[in-house]
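Heads up, the next two complexes both have chain A, just with different partners, chain B and then chain C.
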Partner chain A sequence: MSAIDSIPFFIPEILLLIGAFAVLFADFFVTNKKLIGITGLVILVATACLARLPAEPQALFSGFFQLDAFTHFFRYAALGIVGVTILTSLSYARMPKAYQSEYYSLFLFMAFGLILMSAATNLLMIFLAVEFVSIVSYLLVGFLKDDPGSKEASAKYLLFGSLASAIMLFGMSLLFGATGSLDLDVIRAQLAGSGFADLGLISLMLILVGLGFKISMAPFHMWAPDVYQGAPTPVTAFLTVGPKALGFAVLIRVLAGSFDHLYSHWSSLIFVLSILTMTIGNVVAIAQNNIKRLLAYSSIAQAGYILMGIVAFSDTGLRAVLIYLIAYAFTNLGAFVVVIAVSNRFQSDELESYSGLGRRAPLLAASLTIFLLSLAGMPPFAGFIGKFYVFTSALEAGFVSIAVVAALNSAVAAYYYFRVIRQMYLVPASDEDPISPSFSLALALCLMLIGTIALGIFPGPLLGFISQIVPL
Partner chain B sequence: MIIPLEHILMFSTLLFAIGVYGTLVRRNLIGILISIELILNAVNVNLVAFSRTTALSPDTGQIFTFFVIALAAAAAAVGLAIVLALYRTSRTIFTD
Partner chain C sequence: MESHLLTWIVFTPLIGSFLIMLTPKAATDKIKWIATAVTSIVLLLAVMALFRFDPSQSGFQLVQRHAWIPQFNVQYILGTDGISFPMVFLTAIMSLLACVASFNITERQKEYYLLYLLLETGMMGTFLALDLFLFYVFWEIVLVPMYFLIGIWGGPRKEYAAIKFFLYTLAGSLFMLLGILALYLKTSPHTFDLTVITQTGFDFGFQKIIFMAFFLGFAIKVPIFPFHTWLPDAHVEAPTPISVILAGVLLKMGTYGFFRFSYPLFPDAAMWFRPAMALLAVIGIVYGGFCALAQSDFKKMVAYSSVSHMGFVLLGLAALNSIGLNGAMLQMFTHGTITGGLFLLVGVLYDRTHTRDLNAFGGIGSQVPIYAGILIFYSMASLGLPGLSGFISEFMTLLGSYQYHKFYTGLACIGIILAATYLLYMLQRILLGPLNEKWRGLAEINGREIFTLVPLMILIVVVGIYPSIILQYMTPTIDAMLANMGAILP
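After this line comes the complex of A and B, so read on.
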């Protein structure tokens, strides 16, 4: 479909772009910066309302983008994640007052980039979308102007990120040489037909470096704890779910679009990386005393579980990845909302600040408990549904060993999640001043709680929506 | 005279290796950023060489090269801004 014909399908994204620029320039006229953030939220909601799924999958802009159920699913996911992040940022105490509208408009641009990531079916567009999201995240990580930790995290993220995407780009150039095309479908046909499958696999490994960085897969996870700890907490919350979810989307697009016939060659690599990722994440998380670092390592471990679905690489497996990503997004964002509420009060993310939270703020403590139990994969919460489908798909595909390792890992993970719960309920606090979260935090918390519990008890609607998606 | 593809590929692989080596060994943030630029240039050499030989349509590789150059400029702008901000708060541009 030509560019002009594609525009009607692209209206939500165009609205999002116009909104992002409007928010950027609104800084000159609007003095109440909170209003700008709320405008950003309205723009996101309007975009989500305008988003329509065409009856047939459409190849937009001469085949650069694909608008299908998969894109549509991740479009909602991206808008939702960015929306909740803006909602929590509205009452983040350490937010620099002078740069708020830049902050919100960067997040709207980020939402645009995330949607493009899920839609791209061409190596050029994949590269541009991934790099767009990366560059905006480097800026957001360094947003605390006077905090050396934030700057250091930003510089570290920049170096790791640029190196990873440069190596990914080298892989893409080799893939272009091996197949003569940038289009994922053509690449698949060329790889199946020509004798260049070996070069294709080498370039796939180089591309995995870049995407592995985005999903914080071992051995490309070293940046994650430092960056997550140094970044402003709402940005951390976003980074643990947003780029990770869309990184998985691109990974599925590339693997299912161009390399599905070479499955026997790359499956063992992903198998090993999945085990490595979950083990490193869980084992190192045990020793952490900072809640942001703890959740950072736990998010590395979660990436390992999600990779199990890709190892299985069946319809069930890839759908399990999508289910897990949504369950994880609700749960992890919710946990970070509580972290923001506590850090607004104490200016600290150490575990000691959580002692006595059960008496100080019973509702916050109860919701953090629910989120941690969901992360550990306990029924009846969302995390259980995600884990259940991922394990099922691995067992169906005959990968019993990975399921056993993942089960052992879940036991290790339960230990450090329960450490936080113990700190909240069994360790007495020095004082008993109640913590009352602001309205926007309470609203975000409610939304995430409803999502976590509802997905755990009535997963039917989500499963129904996901069953329309044909990833393979 | 047409340079054979093998020679260009050897050159670009060498450039890539020098870039990766530089990012691993350098302790100066600017040095690391320049090493990353070397990798991107290896990519550009590859893309242009392939677009002349194996590509199905020769313009795709060259267009990709322009995008890589533009993105490298954007990344360098953001990168130098971050390095400058880091220098202002912590008075160093060394990674250790």
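After this line comes the complex of A and C, so read on.
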């Protein structure tokens, strides 16, 4: 479809772009910066309302993008994740007052970039979308520019990220050299037909470096703990779910689009990386005393579980990835809402500040407990449905060993999640001053709580929606 | 109401915990009142179910079935039969009594009763669920309140005991989850419905693997040697009412799992595992007995006696005949009532003296004659005095296992002698001998505490004299189960 014909399908994204610029310029006229954040939220909601799924999958802009149920699903996910992040940012105490509208505007651009990631079916577009998201992320991580931790995180992220992107680009160039095309479908046909399958696999490995960096897959996870710890907490919350979810989207697009016929070659690689990722994440998380670092390692481990679905690569496996990502997004964002509420009060993310939270703020503590149980994969919460689904897909595809390793890992993970729970309920606080979260935090908390519980008890509707997306 | 009875039994406590959530923290009397009322209602509902339950039938009764997650063919199925019904009844009784026994807990009462009722929902659900997915959900729901109940209200080493309990059980149940998933994938069309899976035959190799996966989950819960190390810690640190629930109900979830899932679903594997099961049973009985004998902590002694007595359940399971399995089922019930009562008695003494060291007492029988009488009664029941229920069930399991393996049965009898030894030695150290002057004027057991103990004593005597009152519920189901497995039995 030509560019002009594509525009009607692209209206929500255009609105989003216009909105992002509008928010940036609104800074000159609006003094109440919260209002700008709320405007950003309205723009996201409007975009979500305008988003329509055409009856047939559409290849937009001469095949650069694909608008199908998969894109549609991740479009909602991206808008939702960015929306919740903005909601929690509204009452983030350490937000620099002078740059608020830039902050919200960057997040709207981020949403745009994430949607492009989900829609891109062309290597060039994939690279551009991933880079777009990365660069906006570098900026947001370093947003507390008076804070050395934030600056260090940003620089580290930039260096690691650039290297990963460069390697990915090299892989893509090899692929282009081998097949003469950037289009995923054409690449697949060329790889299948020509004798370049080996070169294709090498390029895939190089591309995996870049995407593995985005989803914090071992051994490309080193950046995650430092970046997550240093970044402003709402940005950390976002980074643990947003780029990760869309990174998986791109990974699925690339693997399903160009490399599905080489499954037997790359599955064992992902198999090993999945085990490595979940084990490193869980084992290192045990020793953490900072909640942001703890959740960072936990998010690495979660990526390992999600990779199990990619290892299986069946319809069940891909569905498992999608459902897990949604469950994880609700749960992890929810946990970070509580982290923000506590850090607003104590200016600290150390586990000690959670002592006696069960008495100080019973609702916050109970919510964090639910989120942590969900991350640990306990029923009846969303995380259990996700874990249940990936386990099923792994067993169904015959990967018993990975399921056993994941089961052992889950037991290890329960230990450090319960360290936090223990701190909240079993360790008394020095005082019992209550913490009362602001309205926007309370709203975000409620939404995430409803999502985590509802998805755990009545996953039927979402499962139904996802079964329409996969097979792609 | 007719068909929703079991749902009410499961979810009434949950409603109760919501009510408590809405009650102000300071209104402790009201909170206690709600908790007691709710557990009483559950017991009433269980009694109602008793009248609706037809003991002569072997299949599932009072069944409720709804689609839950259609994409996975997960259904909400509740139902009861002769295996689960005695357990439901036991849970209802123990929950009410332990709730009344909780009244002297003064710390953070709102949270305590809220979690307590949540725990009851989990336990009831575990015993009534007939869908493996639903079963797993309830099985896991039990863990979380238990962690808090031990961890917040427990003794000096409560944190260690709580997390140890949690991680042990979780690790076991994750393997069970894998087993459940493997079963689900093996059936076609895929289903978690127990009634359907029971009718599907599985090949021997598959049975062995899945039997072992389930075994890990159940063995840790029972606990079977060598997975028992969490139990003394959890029992000793838990507050009295929670020890009662732990011994009275939670341990039975493990052996119930063998009756409900492992044996009917994997008959060949059960046969194959029989020698190991018998060996583990005997090790549990003898080792638990010797450990109990060596303890100077009253509560730890009772905890190890649990390991020993649960060994009889396993021995009955290894016997794989009608009398052995009936005996094992009955032992689950009687052990719940007897050991639950013993833990209550430990609590009564501890509340007054703040020590559980058996050597610190002496001669207090003259100070607290009623307490002494009740303690002697429960000790006699536990050591298997004829006329009381413990005798019947242990005798039946031995009778059953004798037909399977005479040597093991002989060894198991050592356990009974050991039980007599450690219980009488305990009675001697606490009640008899010269009075330790420190305990002169020790307060006698009060009315509330007697109220928690007497119903169990009645059950112990009634079952001891006329065991058919319970066996009539179990036998048809167990015989039918054996008949289903019968094709492979010698």
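Please note the rule applied: the second predicted complex is superposed on the first by the 470 of 472 C-alpha atoms of A that agree within 3 Å, B and C clash if a C-alpha of one lies under 4 Å from a C-alpha of the other, contacts with A are read in each partner's own complex, and residues count from 1 in each chain.
Going forward, a contact is a pair of C-beta atoms (placed from the backbone, for glycine too) under 8 Å apart; a residue touches a chain by one contact, two chains touch by 3 or more.
Just so it is clear, the model here is predicted, and its values are computed rather than measured.
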Ask   = If you stack the two complexes on chain A, which partner ends up touching A:Tyr76: first (chain B), second (chain C), both, or neither?
value = neither
Ask   = Is A:Leu158 touching the first partner chain B, the second partner chain C, both, or neither of them?
value = first
Message = Looking at A:Phe127, would you say it contacts chain B, chain C, both, or neither? Reply first, second, both or neither.
response = first
Task = Identify the partner contact of A:Thr392: answer first if only chain B is touched, second if only chain C is, both if each is, neither if none is.
result = second
Inquiry  = After the superposition on A, what does A:Met378 contact: first (chain B), second (chain C), both or neither?
reply    = second
Inquiry  = By the touch definition at the top of the document, which applies to A:Ala407: first (chain B), second (chain C), both, or neither?
reply    = second
Query = Does chain B (first) or chain C (second) touch A:Tyr99, or do both, or does neither?
reply = neither
Request  = Report for A:Leu174: first if it touches chain B alone, second if chain C alone, otherwise both or neither.
outcome  = first
Inquiry  = Residues of chain A that sit at the chain B interface in one complex and at the chain C interface in the other, please.
reply    = none
Task = Please give the residue numbers of chain A that touch chain C in the complex, ascending.
result = 358, 373, 378-380, 384, 388, 391-392, 395-396, 400, 403-404, 407-408, 410-411, 414-415, 418, 422, 425-426, 458-460, 463-464, 467
Query = Which residues of chain C touch chain A in the complex?
reply = 68-72, 111, 136-137, 140-141, 143-144, 147-148, 151-152, 158-159, 162-163, 166-167, 170-171, 174-175, 177-178, 181-182, 184-185
Key: Interfacial residue positions of chain B with respect to chain A in the complex   = 16, 19-20, 23, 29, 32-33, 36, 39-40, 42-43, 46-47, 49-51, 53-56, 60-61, 63-64, 67-68, 71, 74-75, 78-79, 82-83, 85-86, 89-90, 95
Message = If we count contacts the way the header does, which residues on chain A are in touch with chain B in the complex?
response = 123-124, 127-128, 131, 135, 138-139, 142, 145-148, 151-152, 154-155, 158-159, 162-163, 166-167, 169-170, 172-174, 176-178, 180-182, 186
